[in-house]
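Let me begin by presenting the structure, written as structure tokens, before commenting on it.
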Amino acid sequence: MTDLTDLGIAGIRDGVRDGSFSARDVADAFIVKVSQAKALNAFLVETPDHAIAAATAADTARAAGETLKPLAGVPIGMKDLFCTKGVTTTAASHILEGFTPTYESTVSQNLWDAGAGMLGKLNMDQFAMGSSNETSAFGNVISPWKRNDGNGVGGNAALAPGGSSGGSSSAVAARLCPGATGTDTGGSIRQPAAFTGISGIKPTYGRCSRWGTIAFASSLDQAGPMARDVRDCAILLEAMAGFDSKDGTSLQLDVPKWEAGLSASLAGLRVGIPKEYRVDGMPEEIEALWQKGIDWLKDAGATIVEVSLPHTKYALPAYYIIAPAEASSNLARYDGVRYGIRDLPAGSGLQDMYAATRADGFGPEVKRRIMIGTYVLSAGYYDAYYTQAQKIRTLIARDFEKAWETCDVLLTPTAPSAAFALGEKSADPIAMYLNDVFTVPSSLAGLPAMSVPGGLDKQGLPLGLQIIGKPLDEQGVLNAGLAIEQRAGFTARPEAWW
Amino acid sequence: MSDYRIQGDTGEWEVVIGLEVHAQVTSNAKLFSGAATAFGAEPNTQVSLVDAAMPGMLPVPNRECIRQAVRTGMAIEAQINKWSRFDRKNYFYADLPQGYQISQLYHPIVGEGAIDISLDEKNPDAAGKRIGVERIHVEQDAGKLMHDQHPTQSYVDLNRSGVALMEIVSKPDLASPAETGAYLRKLRSILRYVGSCDGNMEEGSMRADVNVSVRKPGDELGTRTETKNVNSVRFVMAVVEQEAKRQVEVLEAGGKIVQETRLYDPDRNETRSMRSKEDAHDYRYFPDPDLLPLVLDDAFLEECRASLPELPDAKRARYEALGITAYQATVLTAEVEAARWFDALLDAGVKPAAAANWTTSELFGALNRTGRDIANSPVSPAQAAELLGLIADGTLSGSLAKQVFEVMLETGDGAAKVVEDRGLKQTSDTGAIEKVIAEVMAANADKVADYRGGKDKLFGFFVGQTMKAMGGKANPAVVNEVLKSALGESVAP
Amino acid sequence: MSVDTATVKRIASLARIAITDEDAARIAPELGNILGWIEMLGEVDTTGVEPMTAVIPNTLRLRDDVVNADPLTGGNIREQVLANAPVAEHGFFAVPKVIE
């Protein structure tokens, strides 16, 4: 009998539907895998009961001859940024330790309504701030991947699974769950997907409700799926997305049938290659992979055009004004009054309580970003920093609009390097921030973008290709992703060492 | 121009005043959540996950709150901004769960407008002044802290957290306590006409931040202080008076005014510095990324305009055009309930001048006496119209009408029924009146002689005697006429 | 861009994050570096460019004025509201006494 954890979402869904195996068997198989993978530190909370309940519901429905829900029998992992009713939710921060929401985020509710079950809450960079999953208050997530040469820098070192959705990427890559939710503010779905050889899509801003998802930077945050392939991403995204009257930025649009619309034949599609993404110091292997991607898309019938996105180099600094500014305000609510921890030094007053609670509760990277955000919004600096950054954001969005005059999707590398070793970049914040250089511009413009695995580098580590689409054109992005996926033939998976 | 001056040792000082009025918007639900806004609920019961700023919560604005702010702006002929947006004002306090207040700094929903005030109630047309309104913006109210329930703790109630407020910011056009009081009363009246705020200052539905500075006439503006959250017209006027006096004293003693936030202590009738909260505020305002720009379409604006009632100034002008005195028109239009009541009376077809006389004297007198307000008037406009009709058609004399009205107040019955039940109908029966007059003249033959001898003033005596004998029910005009001819008959020498 | 420790302490205080002198001294150059890097935005001529207000063309949707229309955003849930409070008494959140 096949190992059920080798199956992806479509495989599990279809197998449960046609009775090849029970949903309960699937749930049990993953529950065991999760329980055996503590070394990865991907899960903060394990919720086998939730997964079993959903599986039982699926099996019961099938036995009763009912039409099964779209995700009936599919257990998934839930990033700990999503509030889950009755299940501890911390955003991987000490400040929220012990917080048990009395409510369910819209995205997670949508998934449960579609029949999915939850294997547990996934570790992440604290408040989604990070690119390596080293900022979690509950320990680093370890990538299941290892360098194969043993001689390279770090040799057999533990690698970063990317961030901030590093628990999600690690768990999916290690086959602890067939799919997981992620959130992407400046690349937090795409970069970890690229680092771990899986697929992930950030939809158009407003497709997925932000209600009940702990906010990092409101104008950028978007939820999206992370899974083994493009089809699984389409299936999950269909369940996660949808209009929500509780989110004022939610798009009042029907959810397209993305899975049904999948097609790898790209005849007539114009693919733009932004020349500004050829940055100095980019590893040759990534250049080479990018060229392969171009060839694959040509092979699928697309035509290739060079485009220019002249403001690309300003995207990252603009992002590092806008995201921290919003975060500094969004995180003001963690004050020790209504939930989470409270530090009350003896004899101190309210304001001291705030300062002590927040000093103790937030990790160094969160504090760093709150400080930057507070600084750029403070009196006398607002226009020079925040307003200027928002103007540049307009220019970046215009660059993309201009590009859409000559192309339909853009193809770029997802990240400027393969996974690095834990600790390798944590000393230099800016070096760490540069991880997001290719993912941030589309985040600033609210565009759909996805990462698909393209191949392995010389050290045996996955590299990802990014497709960026027009607003609301997730289908175009998924289809181009599918064309690459079919040609890349990426089947590598990490060998279990955990 | 106000001639209000403070006489200091170094000469006269002018006062410059601006008000920031926080008015609670009348709505069922809060500005950004579905929790109720009713006053006086159990602590933290009218609090949603959104109002408590639980992780992941998002604001979605209440259309009614936006609508009421727009209607208010239209009522003061202000510029309505079809494009506005919400900003966050960041600061930490236990009554502010989000750590920021959602407000509007950069692009308020309502721009410049004006409110006309009058300083002479008796002659409202003569002494008017136009006070500029800088802006009206919509924002969230904060929660409440209770300090007296526990020796070492303050308690937080978030029931008010997220209730919609309009902040109505005047220009520094006010120059005296009287003007400030008149402005606040007029603003309150307009809000109540519009229905955008109940104006209930005791329940905190309206609070004013009072900005005061003083200067020598003709000088540049002085440094101002802001006295926060003053919750009655009387107190606002007292703040202006006390704060201006204090500032003059400081300046004349060679001191400097510190730009600061102050608090009014009604018990001691003085303002004092809130140094404890002095924290070099840096609110780091920026557009709220959870809220997209608010764009109002023409249909929305049209509905807002069409739903505006006739406002106090227009109503007063209309009343005056109907022949009602300026003073009465002012009194009748000051409170929306009175104006509504009076309009209903006019709609019943009553003659305006008579209706105004009767309402301002008889009805208001009776309400005053019985300590009721017009919203709880025991006499409805229809009943009053009936009463006034009986006066107009001669069924009731003025004094009979007073009697009937008293009974109406007590029983709630209609005028006609009271007249019927109590036999209070006026008689114009000439025969009956002639008979009584003959009796009165016979009983007072000496006075008849005096009258006829030239003591004209005795005429009133005969009227009184006749009316008295007839129980007040005789038609005074008929009595006059009959008396004149009866007394005059034998005038011939 | 150099940031001094006094600035770091002022910012930390605005953000209500307690900070030691050593931490302030350590963070100052770090913050200076980041802000210095960010300052490259100054070289872009943005004359006449409107700051972005909505990521995707969209305007604010308004809600009807109905109390508790959606239980997830309505009131009457005091137990839920207080459920995670570090200190709650008599239906209130409790904080160290504030002297006004």
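As written, the chains take the letters A, B and C, and residue 1 is the first residue of each chain.
What we mean here is this: a contact is a pair of C-beta atoms (placed from the backbone, for glycine too) under 8 Å apart; a residue touches a chain by one contact, two chains touch by 3 or more.
Just so we're clear, the structure is a prediction, and the values are computed from it rather than from any experiment.
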Graph class of chain-chain contacts, one of line, ring, star, complete, other: complete
Chain closest to the middle, measuring from C-alpha centroids that were averaged per chain: C
Pair joined by the larger number of C-beta contacts - A-C, A-B: A-C
Chain B and chain C: spacing of chain centres that average the CA atoms, whole Å: 41
Averaged-CA centre spacing for the pair chain C and chain A, given as whole angstrom: 23
Rounded Å distance between chain A and chain B, as computed from the means of their C-alpha atoms: 58
Residues of chain A engaged with two or more neighbouring chains: 99, 102-103, 211, 219, 245-246, 248-249, 328, 332, 335, 337-339, 350-351, 354, 374, 378
For chain B, residues that touch 2 or more chains besides their own: 49, 52, 54, 60-61, 92, 94, 154, 156, 282, 284, 291-292
Shared-contact residues (touching 2 or more other chains) in chain C: 14, 16, 53, 58, 60-61, 63, 70, 72-73, 77, 80-81, 87, 93, 95-99
Chain C residues touching chain A - in the complex, by the definition given at the top: 3, 7-8, 11-19, 27, 30-31, 33-35, 37-42, 44, 46, 49-53, 55-56, 58, 60-61, 63, 70, 72-73, 77, 80-81, 83-87, 93, 95-99
Sites on chain B touched by chain C in the complex: 27-29, 33-36, 42-52, 54, 60-66, 85, 92, 94, 145-147, 149-158, 274, 276-277, 282, 284, 287, 291-295
Residues of chain A that touch chain B when the two form their complex: 82-83, 89, 91, 96, 99, 101-103, 105, 210-215, 217-219, 245-249, 325-326, 328-329, 331-333, 335, 337-339, 350-351, 354, 374, 377-379, 382, 386
Complex contacts: residues of chain B adjacent to chain A: 49, 52-61, 88, 90, 92-94, 97-100, 154, 156, 282, 284-286, 288-292
Chain C partner contacts - residues on chain A that touch it in the complex: 98-100, 102-103, 204-206, 211, 219-220, 245-246, 248-249, 251-252, 311, 313-314, 317-318, 320-321, 328, 332, 335-342, 344, 348-356, 358-359, 362, 367-368, 370-372, 374-376, 378, 384-385, 387-395, 397, 429-430, 444-446, 471
